[in-house]
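The first chain written gets the first letter, and so on, giving A, B, C and D; residue counts start at 1 in each chain.
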Amino acid sequence: MTTATTGSASVLTRLSTVLAPLAGLVLVLVLAAVTTPQMYTPDVVRIVLFQVGIIGIAALGQTLVLLTGGIDLSISGAMAMTSVVLAVTTGGSDGRLVAGVLLSLAAGLAVGLLNGGLVVLRGVPPFVATFASLVLVQGVVIAWTGGAPSGRIPAGLSWLGQGRVLGQVPVPVVVFALLALAALVVLERTTAGRRVYATGFNPDAARLSGVRPGLVVVGCYVASSLLGVVAGMVNASYIGYVDAALVRSLNLDSIAAAVIGGVALTGGRGRVGNTLLGTVMLAVLLTWLIQLGAGAGARLVVSGAVIVLAVFMQGRPVRIPRITAREKDTT
Amino acid sequence: MTSVAAPRGSRAPRLAAFSGLVRRGGAVWVIVLALVLALTFARGTGFWNSGNIAAVLAGAAVLGLVALGQHVVVLGGGIDLSVGSMVTLTSLLTAVLVDGYPIRTVPVIVAMVVLGAAMGLLNGSLVSVARLPPFIVTLGMLYLVSGVALTVSATPAGRVTAALTDFSRATLGPVPAPFLVLVAAVAAVWLLLARTPWGRHLYAVGGDQHAARAAGVRVRPVLLGAYVTSGVLAGLAGVLLAARSAIGSPTAGSGLELSAITAVVIGGTSLLGGRGSLLGTVGGVALLALITNAITLLQLPSTWTDLVRGLIIIAAVAVFVVRRPR
Amino acid sequence: MPETALGARGVTKSFPGVRALDDVTLACAPGRVHALLGENGAGKSTLVRILTGDESPDAGTVVVADRETRLGAPREALGLGIVPVYQELTVLPEMSVLDNVLLGQERSRRGLLDRGAQRELARAALARVSLEDLPLGTRTGELSLANQQLVEIARAIARRSSVLILDEPSAVLSGDKLQALHDVVRAIAAEGTAVVYITHLLEEVPALADDLTVLRDGKVVSSGPATDYTTDRIVREMVGRQVDQVFPDPAPPAGEVVLRVSDLVPVGSSAPPAHLEVRAGEIVGLAGLVGAGRSRFLRTLAGARGRSQGGVDVGGRRVRGSLTGAIAAGVALVPEERKRDGLVLDLTAAQNITLTDLRQVSSAGLVRTARENAAFDEERERLGIKASGPGQPTRQLSGGNQQKIAIAKWLRVSPRVLLLDEPTRGVDIGAKSEIYRIVRELAASGMAIVIASSELAEVIGLAHRVLVFRDGAVVGEVHRDPDSAERIMHLALGTAS
Amino acid sequence: GCSTEQEGSSSSSGSSAAEDCINADEAQAEYTASWTSVKEAFGLTDFEPVDETVCQVDGEQWKAEPKQGDSYRIAFAAQGPTNSWGVLSDEALKYHAKELGVDVLYAAANGDATTQVDNIQQLTSQDPDAMVVVPMGDGISGQVKAAVDQDIPVVLCSGLLPDSSGAVSTVTRQYDLLGSAYAEWIAEKLGGKGKVAILSGLAGVPTAEYQKAAAEKTFAKYPDIKIVTTQYTQWSPTVAKTVAQNLIASYPDLDAIWSDSGYGALGVVQAYQEAGKAVPPITGDSINEFIQATEGTDVQYALSTFPPEMSSTCLDTALDLLKGEPVLDKVYVDSPSFTDADGAQYARDDCDGGLLVPSSAPEDLLVDLKMCKAS
């Protein structure tokens, strides 16, 4: 009898540890279902999936950086830069697509190296380092294009943003799934992933164990920028033109997705699953808000409230700090 | 990053003196000084005429107040992304509520400060009582408060009184009145940080929450105080902004949060909390105000402004930021 | 005056997987020093946290001044005069000494800090721990670990206390500073305060304690007046068996010179260049007072900090002055601050062990869990690590077992030179003797070992010869003989004739 | 000053202003003409201009010699090169200034009203002869007033401010005109009955909100037209496309889309084409890309422009003031409007997709800015 109770109790606790992080997502899904019945039609689901793809790709890069205890505000800069580089270097012709892609990746590499270099070599706080490089990237793009970037993205790339797999699933979400799988394997299974976590948790101990935290951190910033470039390519090929409106915007979606999912800003804590969760939640939220058709004000209020509520519901143990728990909490 | 205290590998003495300067927030002033010298050299009369000085100082007032609040929150180990939206809401409400009635001016100003405090209290409660990460809490508040502002009015609305506009344009010598408000706020925050138990506790909580708690510090009220301070200063900034614009706008303060954080960090304050100097933050504000001024004074090509801004910020942080404790 | 200033009644506390305290009852009388002893992980610190309201017990109650009391936070305990100095440092490195001493007990007038009163109070408290010369404005992070610990003790002393709890205060102290600590503890007890004193240095017990309690596996196994206990008995109670405390003579080193240090000057040091040769199988001890430069020397050897001059050769080949260079050459350092530098506490035991050489347990960049677990089992076997399994977070292990992991991770790379910095700090006596055994065995297997320790008996007992450091310089070399202890102390203090 | 009265409420009856007004019939006619031309272009039956009194300003009052040197220095508080409109607005003025031999003191707001407040204060402190301001929002009114109070004539360009700003003249195309003309066209297309979606630009930004308000006012006249949803596109085709995909999913039977921008319209057209559905009648400003993308399709649209080149007219107005010549207090710029019936002719294959067509900017400037290829 006793064993039976304890047994079911432990199943319950185990269940709750699995379900707790999902609570926020469930909340959003239920809210969406109740208020907008059309939310679960195939068309809308496809839009959500597309959003998952486009937010998720950048969020993966962001996750890597967050795991090292950093943050990358320059991702949206890398995205905007990509569409400009693609358009300008190819002039819209498929023939030069490869060159355009390579150049975009090179530019992304440069941004990543700049971020990583500032953080590692100069010890600049990541928040400011990447914000400064965002301003710089925007500045370079504006100076280069005279402020009005424009041009065509080669049609040969349009499958990336507009295509569907099996006639239904948007290509971006497939790309995201593949990249997420790769990130999952890298983080959980490879030596590189182990080094990322070790560096994020304790760079000093990692360094003294022969890990080179500098290289790890730079690597993560580079990966983040390169994923930003991929996200930028998806975005550019989605619309097919350079979208000047995106050049100046600071897009916090990738950070929000990772952090809402439970990746800590202090480094080391977080998995690809967290990011996936946060990404889906954000994608549902953004689509739901459009479907809701509420005014701009109400929409912002709802998204702000839902983000805080969802994180609150994620069943973070309301724990009072202990002297033993020396690690700084996310607070 | 663990914060257990231990001597680190000692630096070369030359660097140590320099890092002392950085620590006390003096370093950013080196760049400010260099920029002032460069501007004097390039545009002597244009820069030093009282109108331009007034323009620089007045431009610094709103950002300065917001950065001051940010400074306090960051010292406590947090971050406040919602300051820009709080400025937006309070400035919009100032104009909408005053709406040209002189009798309403004072009550509305008081109400805005209270509103700022209330929003700060909400931030602070979510962070310290519900123990949610400040980044998420204040990001959510950023959306929420901007949404409220847009709901109040989607178009520019309301009108402040002549007294308020006059105040925003009044000067004492070359010093604009809004700047004097900033000076007073700096003095008040300095007093709070350097001369009250709460100030000590804030440094302690920012440096190591667990250690502070072990020493008997009440963490919650300290954090609440920090966010409330930030909210109050944002409320004041909102009133100043409304006075300057004479009218309320639902987007007035957008983007201020990033400028404020940048100013704080350029000034040598650690985003990890527990270390920072007010002098540095004020220097950071001065630097950002001067960059804007310099770009116009030097008549740089408009397409180069962001490039220049980015380069100066990178130069400032790369050269002058204290290395992260290892 | 109450009979029991502070006590516990039937206190039980469990963490996932461990019962840290099991029905613990304890009573500390006013005016007496009560030593709390036990192996690593016996539950001493957990008990302290419960007694100070930092943690709440699963069952049982805390007794304050003869009354059962519920404590919600350290602040409440402080309000009742229960003042703790926790095992981990809680000074804030970025704050000044003054602010650290007065943290949580600032004196203010009309809301503003009363700076005169503050200074006076801090001065008085610092004077009691022999830090009267310390400028109050110094940034605490700039102080040596020992002085930081004293600042923390000064903070506790500055409070009016009926109970003072010191959790391993002596771990980072030596010489005069340790003496000053003992003096102040006695003085405070004489004033009527109950003192709870936790230590792994058993020679402190007869010198300080009036009563003692021994914990083993979360249970009180013995309690009574200190005079009833000999060191042997204490050890027996703690470990539950006899521990071999004598250091047999080490086997003479047979091998050729493995490590050769010539003209070495660490960056930032103004001391004269250091020389050292260590043979395979040889153990060289480094002695000196706290801050004498031993750690700096070891860190420089390991490439963890730069050298401004000189060179290090291993097996006749010059070693590059970087961490990776040193590791590649077979030099491994087990650093003194285990929790900060030695381990990634949030990774599992197995993950920490394999961090130094991930290639061993991976193929094509993929970590093979089976191989990783095998590596863990191997080290568990070799060092006698007690952990629930390879997947246990290192944070949850007891201090001694953490230290074994910190050593084990370096054994994975089969180093030729092993540098151990304070390998037994904060480690209980049972684990200590195991670590001694391990060090001996490693030397016997042909490793060259350099070991820095503040415990004189340990250096002398383990090493073939001892280098003595003072003010960053090697001031002498002492070989194993009956009065080496005295000679080392004289050299370290600069009183050698 | 603790009055319970609302300030300025008694004096703003407009009677005093009306007395001063030298009614320029010619100008009034020009204003009406700008409405009639749209009416004709869109084939509207019922489209009357909103009431507006245009007066002549006495230029004598502002007549002045150059304060420094022998050429005028005109301060230009510009939007900044945040998009192709901003670039052309900035550059057209500078180009014209060069033609006239006038110095320009330039400051970019990068689309932000708060920045512009600082800019205007700073420009004022440099004591220019006159100032041209592309207003980023009503929030700059106070600072404009301060400039005028310092005897610097201010000409507002491509935007409006409340009368309290004291600006001497306003040179612009009317937002009301565009917003209501698009709405009226849709209403006629639908025969006064149907479901309409509104796609506005940026929430809270006056240029977007005023046009939207005008549209809503117009639609309100038709009880059978239902505005099913209002969305914001941030003037980004990417955002607009996502929004449009959502519209297709939730309102499959949408009859028309009112959009305030060509960028928004571009995204909408793509979304519908990809979904294999007919694009509902749509409006927006006429960017090259949109016309090219709809060429050869049966997409029905009504386009007009808010020409950036009007900034050169703004400069002329400022200089007229300085020369003491009479100017109008409101100069309403006209520009081509057209529908899908004759849209194709405006496409310019030699020019960039972002160009607002037809452009009256000098050809060599367009080439210089790499917006068009040299022919």
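Throughout what follows, a contact is a pair of C-beta atoms (placed from the backbone, for glycine too) under 8 Å apart; a residue touches a chain by one contact, two chains touch by 3 or more.
The chain list, named the UniProt way, goes like this: A = Autoinducer 2 import system permease protein LsrD; B = ABC transporter permease; C = Sugar ABC transporter ATP-binding protein.
These numbers come from a predicted model, not from an experiment.
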Both-way neighbours, i.e. chains that touch chain D and touch chain A: B
Farthest-lying chain, centroid of Cα atoms versus that of chain A: C
Which of B-D and A-B has more C-beta pairs touching across its chains: A-B
Length of the line joining the C-alpha centres of chain C and chain D, rounded to whole Å: 73
Centroid spacing, where centroids are CA-atom means, of chain B and chain D in whole angstrom: 34
Centroid spacing, where centroids are CA-atom means, of chain A and chain B in whole angstrom: 28
Distance between chain centroids, defined by C-alpha means - chain A, chain C (Å): 42
Where chain A touches two or more other chains, by residue: 142, 146-147, 202, 204, 295-297, 322-323, 326-327
Contacts with 2+ other chains: residues of chain D: 80-81, 90, 110, 203-204
In chain B, residues with contacts to at least two other chains: 2-4, 149-150, 154, 208, 210, 213-214, 302-303, 305-306
Touching pairs among all chains present in the structure: A-B, A-C, A-D, B-C, B-D
Footprint of chain D on chain A - complex, ascending: 36, 38, 41, 43-44, 47, 50-51, 142, 146-148, 150-152, 162, 235, 238-246, 248-249, 287, 290-291, 293, 295-297
Contacting residues of chain C [partner chain A, same complex]: 45, 49, 54-55, 73, 86, 88, 90, 302, 304, 323-324, 327, 333, 335, 339-347, 351, 355-359, 362, 365-367, 409, 413
Contacting residues of chain C [partner chain B, same complex]: 54, 73-75, 78-79, 84, 86, 88-95, 99, 102-106, 108, 111-113, 140-145, 148, 155, 267-268, 299, 305, 337, 339-340
Residue ranges of chain A touching chain B (in the complex, touch as defined): 69, 118, 122-125, 127-129, 131-140, 142-143, 146-147, 202-204, 250, 252, 255-256, 259-260, 264-267, 295-305, 307-308, 311-312, 316, 318-319, 321-323, 325-331
Residue numbers on chain D that touch chain A, as the complex places them: 80-84, 86-88, 90, 110-111, 203-204, 228-232, 234-239, 241-243, 245-246, 248-250, 263, 266-267, 270, 274, 289, 352-354, 369-371
